[in-house]
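What follows is a set of structures for review.
The two complexes that follow have chain A in common; it is paired with chain B in the first and with chain C in the second.
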Partner chain A sequence: MIKVTIDDIEIEVEEGTTIMNAARMIGGDVVPPAMCYYSSLPGTGGKCRTCLVEIAAGSTKDPRPMPKLMVSCSTTVQDGMIVKNRTSEKVIENRGAVVEFLLINHPLDCPVCDQAGECDLQDLGFSHGKEGSRYEEEKRTFEPIDIGENIKLHMNRCILCYRCVHVANQLTDQRVHGALHRGDHTEISTYIEKAVDNDFSGNMIDVCPVGALTDRSARFKSRVWFLKPMNASCECTKCSGKAVVWMFGKQMYRVTTRQDQYGEVEVKDGKPEWICNECRFDKKDLEQWTIEGPRHISRNSVISQGHYEVSKTNLLK
Partner chain B sequence: MGRKLLLEHINVPGIETYDVYRNHGGYKSVEKALKTMSPQEVVEEVQKSALKGRGGAGFPTGMKWSFLAKPEGVPRYLVCNADESEPGTFKDRFLMEKLPHLMVEGMITSSYALGANTSYIYIRGEYMFVLEILEKAIAEAYAKGWLGKNILGSGYDLDLYVAPGGGAYICGEETALLESLEGKRGNPRMKPPFPAIKGLYGCPTVVNNVESLCTVVPIINIGADEYLKIGTEKSSGTKLISACGNLARPGVYEIELGISVEEFIYGDEWCRGIANGKKIKALIPGGSSVPILPAHLITKTATGEDRFMSYESLSDGGFASGSMLGSGGFIVFDEDQCIVRNTWNFARFYAHESCGQCSPCREGTSWMEKVLHRLETGKGNMRDIDLLAEINKKIEGNTICPLGDAAAWPVAAAIRHFREEFEWHVTHPEEAVKRNYGLLKTPSITL
Partner chain C sequence: MQSLSNRSKVVSNKPMTFLERMYLPVIFGGMWITFKHLFKKNVTLQYPEEQKVFAPVYRGQHVLKRDEQGRENCTACGLCAVACPAEAITMIAGERKKGDEDKYREEKYAEVYEINMLRCIFCGLCEEACPKEAIFLTDRIVPSQYEREDFIMGKDTLVEDMNNRIDISLRQMTGKRGEK
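Right after this comes the complex of A and B.
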């Protein structure tokens, strides 16, 4: 076990832990935001640069500070390392700049975007963004492409986190999509507009931090904060069958994986509970599911507003 | 006349063929290394020579070699980085085109030192004709027993391959190069782990520039002690400089490190001054990514001392009043050249070549390009100049690979030293447009 200090809070972690995961063990404000890192998908991280932290002391052996800001999702902790996240002005400033970079070409079409309310970029813009934009140029746009009947790709909203590429690599039999072109013209696409259709491809929607990949079966049906999330399970031969169903009255609007406070799929006994496309897109009948009870959405989001537990506590007051 | 180590026999007719090259002392370093030295001794010799990597960053080659992990039962690789794409740099092409056997010899000696049994030359996609020259040289070397099994009866085997890239600047970054060599998209990898621990196909790998590997040949031939006598204390040896721009005699020159910048630009042996009797306005000493120097800082440093062609003298004063030797892409501007236009041109290059993996570089480079295009075409305002300075500060150091820094430095330096010219473009938009010599129609790439 080694000791690391993050924002003046000391914690003991196992060797080889990343700064991000050490911060998540502490929890709360200390945790740097992550747009591309996804703990259940090995190989993700390092790309969005929102999780940059300052390292005030490298280790007990070599206490020199690191000259550059480091990405917390892929930098492993050393014994005696001192990390500054929200206590560092440099971090706040540069993270703000990264958010500005992510937003300059983002269409900011939240009012018509299905992801609004559970969007990591919205949260990040709220916490680190500026009021106005200094970007006077025309925004970059892409030609829309069709990637099949289940998933809608809206490339203009994409921040190129590559999470969906890792999902396709690690969960499906064969990856048919990836990044094409380079620079700011880089585009998530299939090779010559092939449909992305695979048993687990729907999970691309859940890992997408923005509204670039959305569920066609639930598209434009309802804002997420009007829906009641319920833990539900079903007998499924392909996946764990553990999901969250989003209800409006008795009508089921959409099915997603169960996600933790960082928007990542829940892990039970070392296995991430991904769900298959059949559960996600085809089982929209209450009879097909066993409702376990209300789902607690632990992330700080508008979704929590209409929540049972919140209303209960409000009543008690 | 300065001493020549690499280009000694460059003017010998037919030096690109095996027989002529061999008759002029070719492949001696391989004989010497394989017959009289252990691999470790070769590494130590290179370390002792204090050879700095000639690709741009100037990291000591011997030290890089000493970091190579040597686990049992795992192959090691040597990869030559011949993806020379930096604007203003063309020395590697010259070396490989004119002296292909020197390249092959350098690869054999270095591979032996590192214990690599398979080595690759990753060559820029635009250099297909050079690839053919190299493949011919490699075939000759195989035929004469310098490559293949049991070279010179020493029991050492080596296979050498040339692999062409697809034409991306980013694939000159060592980890992106390895990705590309493995057949993947050329995105730089996260470091650590460094290639010396986990490189090509997950095995320990050394990636070196063409000129660095070629320089290993004279180092082994004459010995590190003799090599150290050439150049200055901190910059040993000779360096190829690819001089271009408004020079009377541009070209590739081999200089002893430590000659003065003034001599190099105006000396009869070298560039013979500025073309058409014009005055010098600015200099980029090490390829497009290093900071530009204004006229008063070219031959003298900020403290008034003479400036020399060496790693330490060119970077004297840091980025505030100095630059870098970089890859040796020596670009000279005369008084008629527009710095704003040139800066935009570079920004355009970097925006086009950014791999698109990490956000600051992907979005920032094209943003800078758009702002500079506006300034250059007379549509900018004063705010834009500060905005540019702000953007490049936020790209620098926040990216996965050094391309972000390389894109930010030239813009930062241009604003630092030539701010009045940027302001003139804002206050005199019509004249600024006229100065474009009819090139205005070149659109912003991102439009």
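Right after this comes the complex of A and C.
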């Protein structure tokens, strides 16, 4: 076990833990935001630069500060390391710059986008972004394309986090979905728009931090804040059958995986609870699901408007 | 108990005098006031022949604006409905089909857009929330109806007619928008 200090909070973690995971053990405001890192997908991280932190002292042996800000999702902790996240002005300033960079090619079409209300980039822009952009050139544009029967790809909105490519790599046997071209020409695509027809390909929609990959079966049906998320389960031979169904009255508009406070799929017994395409796209009937109760939604989220949940903690307050 | 306002009067029960019992002086006094009003300036307007000029901040019936090319501005983002404290606004979004680019400005549009004028409190928050400058409250009065259902206004009444455009420049000048 080694000792690290993050934002003046000391914690003992195992060797090999990343700064991000050590911060998540503390929880709360200390946790740096992440757009590309996804704990259930090994190999992700290090691309979006939103989780940059300042390292004021490298370790007990070598207490010099690191010259540049480090990506907390792929830098491992060392004994005696002192990390500054929200206490560092440099970090806050840099995060604003990163948001500006991410928004260079991202269209501001939130009123149209289905992800609005649960979008990581929207949250990040709200907390760290600047009011205006200094970018004057034209944004790159693509036509939205259908990849497979159920997924819509809006390449305009993609921030190239590669999470979906990792889903394709790690959950599916044959890879038909990847990145084409290089640098700022990079584009997520299936090879010659070949359909992604794997049973678990729908999980790409959930890992996408922005609205680049959206559910075609729920496209433009409603806004997330008008729907009521409910924990539900069904008997499924392919997946765990544990999901969140998004209800509008007695109609079911959308089925997603259960996500934790970091927007990542919940992990039970070391296994991420991905759901299969049949549960996600085809089971839209209330009779096919057992409703367990309302999903817990953070008070800071717009989805919590008009959303009532009675839990033990709420009753005690 | 002592009065808090110090304005209370003790009720007296003394018998009325002869003049008071006649009531005539009081009646003539009242009629004199009525007579005086004949020569005063009228406060009523002969609506609809005469119409009052509204203040620029007046908030009346809504309009869903179109842009210069006649395309609907509204993209059914739902922000007006979520901002509405009276829950008067409902909508169903639709996807724009190929060939409809001259009808709707964005990829998504409102297939159904309804405002219940009986619920609406004319607070103007929908206008404030709108990111597309699509909804505005105008200086028009919501017409009266015989049936409750008729107060639910759909797109047929709300969307502005290109041949008879509705001027909202005064609304745009008021409040925050004027500062920009």
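As a convention for this text, the second predicted complex is superposed on the first by the 302 of 317 C-alpha atoms of A that agree within 3 Å, B and C clash if a C-alpha of one lies under 4 Å from a C-alpha of the other, contacts with A are read in each partner's own complex, and residues count from 1 in each chain.
Heads up, the rule we're going with is that a contact is a pair of C-beta atoms (placed from the backbone, for glycine too) under 8 Å apart; a residue touches a chain by one contact, two chains touch by 3 or more.
Note that the structure is a prediction, hence the values are computed from the model and not measured.
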item: Three-chain arrangement built on chain A, chain B and chain C clash or fit; value: fit
item: Touched partner set for A:74, first chain B, second chain C, both or neither; value: first
item: Of chain C and chain B, partner touching more chain A residues; value: B
item: First (chain B), second (chain C), both or neither touched by A:185; value: first
item: Partner chain in contact with A:1 - chain B first, chain C second, else both or neither; value: neither
item: Which superposed partner A:134 touches (first chain B, second chain C, both, neither); value: first
item: Chain B versus chain C - smallest C-alpha distance in the overlay, whole Å; value: 22
item: Intersection of chain A interface sets (partners chain B, chain C); value: none
item: Touching residues on chain A, where the partner in the complex is chain C; value: 109-112, 116, 144, 219-223, 225-226, 302, 305
item: Residues of chain A touching chain B in the complex; value: 45-50, 52, 67-69, 71, 74, 94, 97-98, 100-102, 104-105, 134-135, 137-138, 140, 159-160, 162, 178-179, 181-186
item: Chain A-facing residues of chain B, complex; value: 168, 170, 185, 190, 351-360, 362-367, 370-371, 374, 387, 394, 397-400, 446-447
item: For the chain C and chain A complex, residues of the former touching the latter; value: 75-79, 81-82, 93-95, 106-108, 131-132
